[in-house]
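Pasting a structure below so you can have a look.
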Amino acid sequence: MFMTSVIGHFIHGEHVSRGERTAAVFNPATGLAEKKVRLADKATVEEAIASAEKAYPAWRNTPPLKRARVMSRLKQLLEENADTICAMITAEHGKVLNDALGELQRGIENVEYASYAPELLKGEHSKNVGPAIDSWSEFQPLGVTAGITPFNFPAMVPLWMWPMAVACGNTFVLKPSERDPSASIFIAELALQAGLPPGVLNVVNGDKESVDTLLADPRVQAVSFVGSTPIAQYVYATGTAHGKRVQALGGAKNHAVVMPDADINNAVNALMGAAYGSCGERCMAVPLVVAIGDATAEAVIAGLKAEIAKMKVGPGTDTGNDMGPLVTREHFEKVKGYVDIGVAEGATLLVDGRTLDVRDANGERSNGYFLGPCLFDNVKPGMRIYQEEIFGPVLGVVRVASLEEAMNLINAHEYGNGTCIFTRDGEAARHFCDNILVGMVGVNVPLPVPVAYHSFGGWKRSLFGDLHAYGPDAVRFYTRRKTITQRWPASNDPGRAMFSFPSSR
Amino acid sequence: MFMTSVIGHFIHGEHVSRGERTAAVFNPATGLAEKKVRLADKATVEEAIASAEKAYPAWRNTPPLKRARVMSRLKQLLEENADTICAMITAEHGKVLNDALGELQRGIENVEYASYAPELLKGEHSKNVGPAIDSWSEFQPLGVTAGITPFNFPAMVPLWMWPMAVACGNTFVLKPSERDPSASIFIAELALQAGLPPGVLNVVNGDKESVDTLLADPRVQAVSFVGSTPIAQYVYATGTAHGKRVQALGGAKNHAVVMPDADINNAVNALMGAAYGSCGERCMAVPLVVAIGDATAEAVIAGLKAEIAKMKVGPGTDTGNDMGPLVTREHFEKVKGYVDIGVAEGATLLVDGRTLDVRDANGERSNGYFLGPCLFDNVKPGMRIYQEEIFGPVLGVVRVASLEEAMNLINAHEYGNGTCIFTRDGEAARHFCDNILVGMVGVNVPLPVPVAYHSFGGWKRSLFGDLHAYGPDAVRFYTRRKTITQRWPASNDPGRAMFSFPSSR
Amino acid sequence: MFMTSVIGHFIHGEHVSRGERTAAVFNPATGLAEKKVRLADKATVEEAIASAEKAYPAWRNTPPLKRARVMSRLKQLLEENADTICAMITAEHGKVLNDALGELQRGIENVEYASYAPELLKGEHSKNVGPAIDSWSEFQPLGVTAGITPFNFPAMVPLWMWPMAVACGNTFVLKPSERDPSASIFIAELALQAGLPPGVLNVVNGDKESVDTLLADPRVQAVSFVGSTPIAQYVYATGTAHGKRVQALGGAKNHAVVMPDADINNAVNALMGAAYGSCGERCMAVPLVVAIGDATAEAVIAGLKAEIAKMKVGPGTDTGNDMGPLVTREHFEKVKGYVDIGVAEGATLLVDGRTLDVRDANGERSNGYFLGPCLFDNVKPGMRIYQEEIFGPVLGVVRVASLEEAMNLINAHEYGNGTCIFTRDGEAARHFCDNILVGMVGVNVPLPVPVAYHSFGGWKRSLFGDLHAYGPDAVRFYTRRKTITQRWPASNDPGRAMFSFPSSR
Amino acid sequence: MFMTSVIGHFIHGEHVSRGERTAAVFNPATGLAEKKVRLADKATVEEAIASAEKAYPAWRNTPPLKRARVMSRLKQLLEENADTICAMITAEHGKVLNDALGELQRGIENVEYASYAPELLKGEHSKNVGPAIDSWSEFQPLGVTAGITPFNFPAMVPLWMWPMAVACGNTFVLKPSERDPSASIFIAELALQAGLPPGVLNVVNGDKESVDTLLADPRVQAVSFVGSTPIAQYVYATGTAHGKRVQALGGAKNHAVVMPDADINNAVNALMGAAYGSCGERCMAVPLVVAIGDATAEAVIAGLKAEIAKMKVGPGTDTGNDMGPLVTREHFEKVKGYVDIGVAEGATLLVDGRTLDVRDANGERSNGYFLGPCLFDNVKPGMRIYQEEIFGPVLGVVRVASLEEAMNLINAHEYGNGTCIFTRDGEAARHFCDNILVGMVGVNVPLPVPVAYHSFGGWKRSLFGDLHAYGPDAVRFYTRRKTITQRWPASNDPGRAMFSFPSSR
């Protein structure tokens, strides 16, 4: 097997490569290990932290407007280099190129929001909190902060984190997924080019050793994490046990409710992308449709089957494809196994993607990790394919009699990341939005990912912490409040000793 | 020993008393155990949690304006019952009555802020995040929340927590200090009278068993804590390990910097109250003065000695006294021990409060836990009386040569709760405020406790978590962000399947 | 005719009465002139302005929290004196007592909002707008401000204005309607009792002479007005020509759109109160129903006729009545005249309230200004009863074929105060809200008066000025922004002459 | 005299030139009329308004994020074309090139702020304003808006206005000063290139006929103006008489207070640029120094004289010059006349710039409008050179005994645009900032022009209207608040007729 390159780290503005352990980086469309990535040992991570610590004082004192302008320039560089970045994503993650572009664009929107820093960092000023006493708040940076990101959005999720962190005046150590590390390194280079001083953003590739180092090192003030729920919980518990602030986003099992009054064509089209886009490897994907009434279920299923029949699956480099391969062989096997389990559990497999036959350019059966779209009917609570996050192109239809029954299901589920309802009815929409225990809710919007100027976060076991990712919450997460109370006594006013607690009496 | 009463719990609007363990509640001014308090076992705490859970749905759906008005009425009842509450505080904590009134008034200000709930709970609405797509955020309550509060502000600190929590739509279980539990129970009765439905606020008295039950119970969504740093860290690590959001405020060692240009009379008067008010049993007390230059030190010391000579120490029920007893015999011994240590460490004891002789009404030496004001000169970093939180009427003077040296000391200290600077110079003040690693900073204000419409919180090991107590941060801590994205498609618009990630392209 | 009392002015905390012109104040339910009101001459108004000017400096320097607390106490006093105030309103305006209570309660909500002043007056603080340069905004009071209010809400509309003005630190001269002046004077007394210093709020009764004095006096910084559009325009043009800031709210002709999918019972019930409550003498009343389709029109009309048949009209002191008299004989004649006009214009008069026969206690025909509810069908644009504000219990049904046609009508109308739509359809509601040129929009809410923590204001010729009444906009209207840019140069930094314009380069 | 070009208008994305009246555009450094500008007649202005009206609906419906991105691209184009723009400014206004760059950079910062539109346009969302009733505010654009700008900042002041207006969804007609119109036309071309659709921004050159057309045309919803106070007042009164919203910024006479404790070198250097930069043709220039005490006055004067002696005056194209010519011959004569008046009034002319001899490349005496820096001592209130805005390089020193006396002078002056204080003393600074009746205050900052994310505006006769220019206030000025109250009744809930006014009872 021929390795074209070895991906290292990016520390203090330079590529760093050492004799550390490595892991193969596969192209999921070919099954070939085309690159290697170095897995940082503790010393390398500490070097990155030290770099961030060194860069902090000057960056902290750089006016917010100047920091924001680096983000503006980065936005422009990301747009100019979009093709390169998308090619990296597709080569390592497998998703179709224009899906990669969608992801990148969302990431750019987060960079854009970070460029509003002068507005976002305003504190509150109160005149005369007492006679001639003023008080105000400042939102000061924390110091060195860190992010740990998953394989499924190799460009977007890192861009949820570090642009806001550095716009707020922090420095950052990013540990992206070792499955698809190239985009993060490349974007770090662009950031340098945009004017980010060396050390403000460092990227280390690695595995648990890196993660544990970041969680334990006392110089790291805050950790943002996106991944699966068990790891999210581990990161939250471990980081906080070390006294840090942590926000850890975990798994999901998003339900889409289809009401009888919904426009079925519209709902079906929306569900297709939400279920099968990026092979369902999105924490906002919709793997479950909850149809209210059998007639609704039948209509939705008929529509889905017709649309699935039109889908094209193949390498992500071909933008005519709707879906590329799964990310790794292990993940392919796991997802395929869930289809087997669903059948065994008694769900009705209407479309079986396990038999998909993708050919490569030579007409040979591809070694890529391709799984066709799968559709189950009669999925029921209690089944593993209902309870667990599959993260693959497997959509299940759950039939219920009423909106209340649908909402009870959703509210009883372990996860509360996203959900949506398809309806024309204002009352149903409002009732659903108000009472559903889910953090991100769509009304006729299948993937209700908040725009960059709002914040992203689920409820229940989909998020640990109190502040959501990006948007306004990120400003608060990446800053420490300082409150100043100021009085300028007249030059000849001795005051008097006040032993009682000061108040507005 | 005669027990006048046994203090129980307040659950679902009723006094609850069971055959649990009890602890004595002492009057620090007499040393007599005048009351007992029940220490809740796990079952009692769970009953309180169940009460809060039961009360939640109706309270959550009560419009914010109605919830706010309960707070307005409570404010009024607290004002009307101030004498009763202050008498309870003084009888159990020992502080002088007008100091108790200062504390209560600050607590009332927090209730007042909670009465602004309709303004504070506004979400952000964005029109046209995409074509005809709108998005907005709602700040929904969490459910059952809990607070664990310290002995030193038996009225104020609980009022930092639960009024904001319930104004946001949550229900609450409060576990106040078992040293001085009466005020919390009484205020809970007033809240009921003000219109708070039974179960919205529950009070359980107890010890570690109560704390651990609150930290582990899955129905409790969030925990606010104020106490010492080791316990704060325990609460933070344990609560987060159970997946909760936690804010845990710990200890302090607040430095007051006196610049050569400061008005010394003014600074001395300010320091007297900050050092000795409430026997220094305040997390915002000033136990360390950092004098810039020996001349400043000499002048400050001369002033302090003159003022200390005028101080009156005795029972808190006599409002002519400046200082009452310490809270318990154990604490008295501990603080006295620190004075011994300081002498042993080589600091210069200028005023020795250990020899104080307080007489009771019969002219007998009081059994109360009275310690006179103590003043050390030549306190130095490395000494235990410099590093550790004493929480008593012990003020130490540290001499340094420059503001930079003073700031380096403060920034190197474990704690970062409060600090202040006395100066007339704008540059010094701004430089200090900007660069000091402390959460609450006073300029010529000795106790820079933020007003109720700002938030309270320290840095470093004085606070674990990302949001501060009360004020705007409390709104965010006691609510969960929900983001809704809404589109109303035209009735005949089928849309089309979009497999790429949605973005603003 | 026996006059029970002469209503004067309230200046600097005292009742002021002089030999000025007077006007009779009638009881609309009896037609008797039961009181007189003095009409201030220029000197009296100037005395009130002088009083406000004198009270300003001390009030301006009173911390916002203290000012806010006066509002809290006033809220309580208003609640305690609600019966007295409502009796005054009913005796002079005529509306039914519980309608008066509804109005008062809304006014109290504005007082409540003013009590949030410490939160509302926060400025924005920016650290490091340049290196070591900070900048922040303060919202300082204006000085003497004034309000001119209409007869239809004698308690509520004044409470829209002066509580926010004084909470912001201004002093105020109120000129209420001379038709029903008692409530304003009485509430001013309560404000004094609540702790508002003398001179902070002054009330002068009067007519055009008073208005012109307020508009011309250079000490008056800002004028808020609510009344008819011609006078609003006069006030706006005149006040601004004198260099003042002015917000002037004028007339309305609010359309309610009923969609075919609406729940007709629900819509009819909503429309009844909106059309006939307070005799339609509300700027948010609904005098026009736009029914989409003839079937909808027929159903709505059938419902309205049935409900009208149940209505009771009589003195407002009898809370069993649904509607009281019109405010004056002149207004009664004018409204009745519009019914005549409508008939002449060709609209179909379905219910004729002109023939109403109200008897007094003695069984005699009442001399009160009672007009029964009137209902027209086939009202069309171009008719005077369509175009002009009638301000009486006259409801017209307009029939159109589509929502677009309805919206075109509304958007073409001179006024743009309020409107509402009855539907179950989310798309219709969103389309209507987005594109209608009206300031306050209800979805299934017939009187979409914004709550006190939002702001009130129409579009087009319903409001002159850029800021709406009460709520957040009132804070901005009653304050002047001051922006401070601060730098504390190092003591030995001479700087250098910079002849170029300073910027972030 | 040779005319190189005739400057026309820019309407609907195209250069428009007609047979209208023209005016000469002079190069102030040579006195030559190098260009002509067309002065639009009413029809041309109406064409521009019509263009803006036509472009409005589509632009209004363009999502804020898309509108914001046009601003981002424009920012970049302005940076890339800075040299061209600055050359235009210097050729027509006369200021030195790097001063032009400073101005342009400030303008770019306003474009940058406009690019934050998605954040700035957020409304407030309130859940449950009543049971199951929600309410929110939207900030919708106005339609066609207009701006009228002065000669002294031909790039910056237009950029204060239209970028925010269009970012908010409005379309715009700009009438720049006919003295230096080129930059506005050129920047409009860049905006088109950046993606602003034709008609969203139109530029008409003209004089009073243009102004009056804009003020009277009913399609124009709002007018922003910057110029002299008499014209500002005319624009305010006329525009409002036509029912529009207007903000009109007028003249200034900014005082700089120098306290005895100020670092005199630092203050002198700061004053030099503030007094003589751009020949004092800035509404934030400092033409008056108020020295506290004679010693301060002497020191300041000594410093100023020394610095003035080093100043170089000559063509703005030579960046070695500190000051260029005045803008026109008429203005040159007027300023020179003020120096004569000052001498006649008894002020002491310490430095006389009237005798300045500037030579052109050929060694000939320049025909440019060059006036040297002038310095008066003993300027006193009552003198015309104290009261009136000179707008030239004439600095006067006023001697007073105390800060109070200085503040009384400032507060008594007609204007209240900007002011500053030089001191090291926190108390003096705070007292000054709090009590001075001026809108923009500097502490050791000579030109306290607020940064783009705050707002610009004076007090007293320096600004007519209630909202300041650019920054947060501009969002509110260029939008109309719409408040929506929404309820989705249960499908079988008929409600009931409520004749009383709806409230929270």
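Residue numbering begins at 1 within each chain, and the chains themselves are lettered A, B, C and D in the order written.
Here is the rule we go by: contacts are C-beta pairs under 8 Å (C-beta built on N, C-alpha and C of every residue); 3 or more make two chains touch, one makes a residue touch a chain.
By chain, UniProt protein names: A, B, C, D = methylmalonate-semialdehyde dehydrogenase (CoA acylating).
Computed from a predicted structure; not experimentally measured.
More than half of the residue-numbered contact pairs at C-D reappear in one of the options A-D, A-B or A-C, namely A-B.
By number of C-beta pairs in contact, A-B leads over the other of B-D and A-B.
Chain B and chain D have Cα centroids separated by 48 Å. Separating the CA-averaged centres of chain B and chain C is a span of 44 Å. Centre-to-centre spacing of chain A and chain B amounts to 36 Å, using the average Cα coordinate of each chain.
In chain D, the residues that reach two or more other chains under the touch definition are 65, 109, 118, 122, 124, 126-127, 129-130, 137-138, 424-427, 429, 443, 451, 453, 486, 488-489, 491, 504. Looking at the complex, you find that chain C touches chain B at residues 65, 69, 72, 75-76, 109, 112-113, 115-116, 118-120, 122, 127, 132, 134, 425-427, 429-431, 434, 451-453, 486, 488-491.
Chain contact summary for the complex, chain C toward chain D: residues 96, 98-99, 101-103, 105-106, 109, 124, 126, 129-130, 133, 135, 137-138, 156, 222, 233, 236-237, 240-241, 243, 245-246, 263, 265-266, 269-270, 272-273, 276-278, 282, 307, 322-323, 424, 429, 433, 438-445, 447-451, 453-457, 459, 461, 464-468, 472-473, 476-477, 480-489, 491-505. Only residues 61, 63-66, 118, 121-131, 136-138, 140, 423-427, 429, 443, 504 of chain B touch chain D when the two sit together in their complex.
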